[in-house]
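The following pair of complexes shares a single chain, chain A, combined with chain B in the former and chain C in the latter.
== the complex of A and B ==
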């Protein structure tokens, strides 16, 4: 029983982590909680949760078809777990979609606003209907325990055959339509994966995966609950699976040959490598293994081979869903940990629900012994000093809720709150404007779009030395003309120019609390004495701008206020309205390049001291 | 009238007046660089931009308003559609945020409001309100060099071919948007190859909705076929397993 409990402990922890991540997802949006971008609008929530999730749940329709359509009754033992897995799998897909959709509360729109041309519309409808069908197919199992539901149960049992047939129809449609989704992006999906028969490939691989998933799941649960797997039945499934995989392999390579893309297979690039890895894992190696009767019959062989197929097909779905896409240069996507946490959390929830169902209801022929019930243990005492070693075995539920809460707390701790708050506005440290005192190159985010500020001209025009205080409104102690970026540290965010800890440190003069914060008052910025109480030379005499607090506004804001305020005035005085336009200072890229050349030329002529950024400073 | 825009990149001097006019007309928010931006200048807050092509050419990028738009075909709720005047417009009230349109667009035009807790897809809508009222879009109105002009698609196509014919050696002999993915309402003529806008290769002349059409049209037949097949197989096997019961209960 400890295996189950340990697993549940881990699953509850993962669920807690996911719960914490869900908060910023819905509070701040997709940009703050994922690594998705305009170049990669679909990420791991589609590539894994939806694409692979639906395929992983294919066992349901395979097994129901085997038992109820082909009437192979010896497979009956795996029907219930397979249908349950399918139901929970689809439920997990639906929940993941709620995270991935930008407007999840509008998911019902698909029922009202129809676009039958869209493969996604079809997938959505099928998944919705099939989820309902699976619920009805599985409902008789829990209903067994409730005598009141006997009538409903009887109706559903009678309706089983039509339900099964409907379920197979729906599965065929959407398993293949998941492939159709990508038919519309021939320029985006790599030719090794893009194919007009993608729907067929998806359907065949889903069948293979469904079979393998039954084998895989039976062995995993057998390990967990120390029960006997349905080995003989599974061996028959393994035998069937190799044929399906063989057909798949033939179709896949035949398709490449017909489309004249087989040459890509030998290309020495990472996409070809991924292709080979994927095909080897999902088909070539499993076929070879399942063709050996010893592997087919042995527990370890069945388990390992089925796991390989599961891994391979999931990899295939992820590849088609994103890895094998051709993207604009440099637009690389690696899921954020928050994205993975949600994906893993949803899977954990599904597994927990599965474990609950098999423990509570008769999913298997024999219900497993209740794993929560610990044999009664006496309190333990330390052998040496008779210290009581605590309450033996905290009740399982307490353990799980603790795991959940602690994991959620950790999750909150790891969340990059600033990144979430600024929503993709990443702090870009402003580098001190380069260029000495004559001409400054102001380009805070180093993207090549900047302003060449003619410092020397401004200084001359505004009245030489006396003009410094018009802009330099605050200097660091024992400094004059402190660079703007010393306080206005970030391009878009306000920053803190006061180094609190430094003041308390020995090198900062070891200033005691009460020297700034009056005794008996709250120690906040508002109650502290102003900086210029001690630093008499902080604000230069006659400074045009009065600073009241140590919190500096963002760099762009400061520059804009300062420059535009003055330019507006000057534009009126000099009757030059164009002075107030953005492109008066912010030339477009080409003009920046031009002005760079002008400056370089001028340097030779007049000896003005200009330091320009290196020509390739554009891409950072 | 089939509204269209013709952009002649040889006339563009990169003044960004169209970009500014677009921002003003559509009341787009402040332009702050974001993590998820592509470097082509288009974003949820910039529906048109000027990108630098080969040989320092300046190309205005915007939604092409395809005649058979892949985005509209892909959208599961029909939030995007091609209007009779030619604009591909977006109905935010229908959108559920699946972003399939962004995946489907061969030009990579639609952008997302990743920063918002209630995000929408954003792209040029050809100033649908203005052109419905008989005015021209803000961008073409603002262009000081008439590098980008508005008019009827057929007339603009004729004009484009006339310019290419009358100025031998100036233009590449292609009107981009005449046939690409079935043609689009935004046309380009240029002195450089504009295929860099689609990753260096032409997207072909086949309308993209046709790629999924076959699969989608097969859906009802496949569904009925599978249902019939399954019911039939079940019936036959059922009969074989109970040979003494020749006729099933009616």
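== the complex of A and C ==
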């Protein structure tokens, strides 16, 4: 396999992985398939795909400006690949957004329901329009191969200058307003990154990145297709890029000085370390390298330095988009592998589209020799029935589709069980009520909001020992007064109180199938022996609640049904209507327990940002 | 052992099942694409579509054709397929598993009927294997996978039957279930890459044959060249049968 084929093989595999993740994402939603939550709604899809993706596509407007506005014709060789990269980059951004939006089918809303006060509104419109402009700018290239489209092509070629001007306007607008998005959160973004001139910083770094991306891409494709990169043109770009980076560096540090935040630079924490790493990678080291003429002229030097800038600016976007956010204690976000798989898959799709376009159309001055054509190759046969069906249109499609399906199958296999099989709710195991027999603290999911239940008081009022069966309607074998949580094991989902597999397991109940299920019949719950055949003491005599099936209702539901039913009755008897109100039991006293434990237990119960009082203030 | 069973029923099943579906979709799509391309490339575009359609439908019921020449084989094969398709899909226990994991299900066969069908499939599968193995002519023609498949296919049926019908201890049950689950997963993993892919390719077989007449001139020579028989004339009638000696070589490709 040659270089291109090997790369395509990897890309198709990654695409397969992303395809498998996309299924639960769109079937079951973000909660089931990602680590995103209401506290951290913007994850790697925004930080990398959108923020960095838009910046990576900045090469389009810079090169078109250079060639068509400033009329520097020697740069003409890189116009087409740059516009193609920009187009595919923006298309990738749009596709990633569909993954990230909770209701992707509402993406058109911004076109109809205007909110002109929002920077996001502006970004959305600009990205949409610029994607259209890029499509029109690039369209003449594939149209060359289709004589029927000659008229359309001629019109578009004539309209090129207005299109380019429009494109530059739109680009500068939204490249900067991606920064404006974060102006709204001065207290959330770390002061090393937050700045009122964030839009300006974004624009300048996007220009530097756009230039570097042209250099980077040219070298990578030169390696892949064994062609000569446009070295001289790229050297001029490298020369320009150092000045832009210098301006960026000056503005960035000047801004820190003016805002009196320069002290943060010397702070000894990981955020300062990331800042220095980022600035060194995107500006300080590349400036030093590009200032050396030897580096600027050499292929390796150009490539390495440009990659450094690309890496640094992408890191900057990810930092602003999420890493550098100050989070409330414990609200920790690390992208799930599924999120990364989607991001990588979208990029793979864009790269594959790029390679296809480059091979199929005249994107470069010379089309690369088809790397997949080998005159000495023997014909391939159908894997199953051994027939030869001629040279396929997409060579090696057998291999690529194989890579795709195997990756997709493994993706399906290793999806989190909830992601693959959930129906929306994450299981939240219930913890037994704590306290002595006299007073119980009922807080199944340990989120600090619970109910104090005066157990002994209820018992006395309801008739001492005889009252047990009014609530405790089922006991574990050789137990009495079994805790509710033993069967009602999940906060919001019904749970299995019977545990079939435990009964059948050699390490558990060691009960053979035929001991419960009659022979010759399908082994279902309907045909099984009733529980009380073996467990004589399962249901205590006189139990008030009759259980008919092994599915126990959710913990909250069980509690509410049991308590409220009785309270309604007693409220009437005692003429105390307040007994039926929520706050009769839920006193809203925040119990102080270890905050970290709360966050751990709270996974899935999003949207409630628990703010804890200091330990000594508890109970008030 | 229980965690291994759980793995086989969870992640491994998901891998195997999705690989089976995707792989079958892939081989079907590739074959259709190849057919379209072969048709586009052919100089003579006249295909008797009505005949292709009639042949395809006729061959979906092999009893019609094979009955005359090989009545025993075709009968056994028919019943083998019957059990093979109905039992895994419509066994009550399997339907229940689907309902529990995916939330949807379909009507199941009565337990008694699926028991009989499983037994039929086991007997028929062993019969097909012994047929291939005992007849010298059939054994010569058989590739390794032809001999291995009936045995592999019968394995989950035997273990499944034992698990669902015999009075066995829980430890034995677990061992049987382990073999059942893993052999079934192996089958699903292998289906799209072996001759069992005929489960989706069967409707295309007659079109492939029809297209083969439209191959560009010299296609046969290229086939021979790839198989390493460039020196052998391709027009020898039933060349595989006449020169039986290199038959293994041919199948190994």
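By definition in this document, the second predicted complex is superposed on the first by the 529 of 620 C-alpha atoms of A that agree within 3 Å, B and C clash if a C-alpha of one lies under 4 Å from a C-alpha of the other, contacts with A are read in each partner's own complex, and residues count from 1 in each chain.
Criterion: contacts are C-beta pairs under 8 Å (C-beta built on N, C-alpha and C of every residue); 3 or more make two chains touch, one makes a residue touch a chain.
No experiment lies behind these values; they were computed from the predicted model shown.
Contacts of A:236 after superposition on the shared chain: neither chain B nor chain C is touched.
Contact with neither chain B nor chain C is seen for A:497 once the two complexes are overlaid on the shared chain. In the superposition on chain A, contact of A:467 is made with neither chain B nor chain C. Set side by side, chain B and chain C differ in how many residues of chain A they touch, and the one touching more is B. Judged by the touch definition given at the top, the superposed model places A:398 against chain C, while chain B stays out of reach. In the superposition on chain A, contact of A:261 is made with neither chain B nor chain C. Contact with chain C, but none with chain B, is seen for A:506 once the two complexes are overlaid on the shared chain. Contacts of A:186 after superposition on the shared chain: chain B is touched, whereas chain C is not. On chain A, the surface touched by chain B in one complex and the surface touched by chain C in the other have residues 423 in common.
Interface of chain A with chain B (complex): residues 26-32, 36-39, 41-42, 65, 68-71, 100-104, 106-107, 109-110, 112-122, 124, 161, 164-166, 168-170, 172-173, 176-177, 180-181, 183-188, 196, 199, 326, 328, 330-331, 423-426, 428, 445, 447, 492, 583, 588-590. Touching chain A in their complex are the following residues of chain C: 1-2, 10-12, 14-16, 18-19, 22-23, 25-27, 29-31, 33-35, 37-38, 41, 92-93, 96, 101-103, 108, 110-112, 115, 163-165, 167-171, 173-174, 193-195, 197-198, 201, 205, 208, 211-212, 215-216, 219, 222-223, 225-226, 253.
Residues of chain B that touch chain A in their complex: 14-16, 32-40, 42-43, 50, 52, 56, 58, 70, 73-79, 94-100, 102-104, 106, 108, 111-120, 198-199, 201, 203-204, 208-209, 211-216, 219, 222-223, 226-227, 230-231, 233-234, 237-238, 241. Against chain C, in their complex, chain A makes its touches with residues 20, 378-379, 381-390, 392-393, 397-398, 401-402, 404-406, 408-410, 412-415, 417, 420-421, 423, 501, 504-507, 510-514, 519-524.
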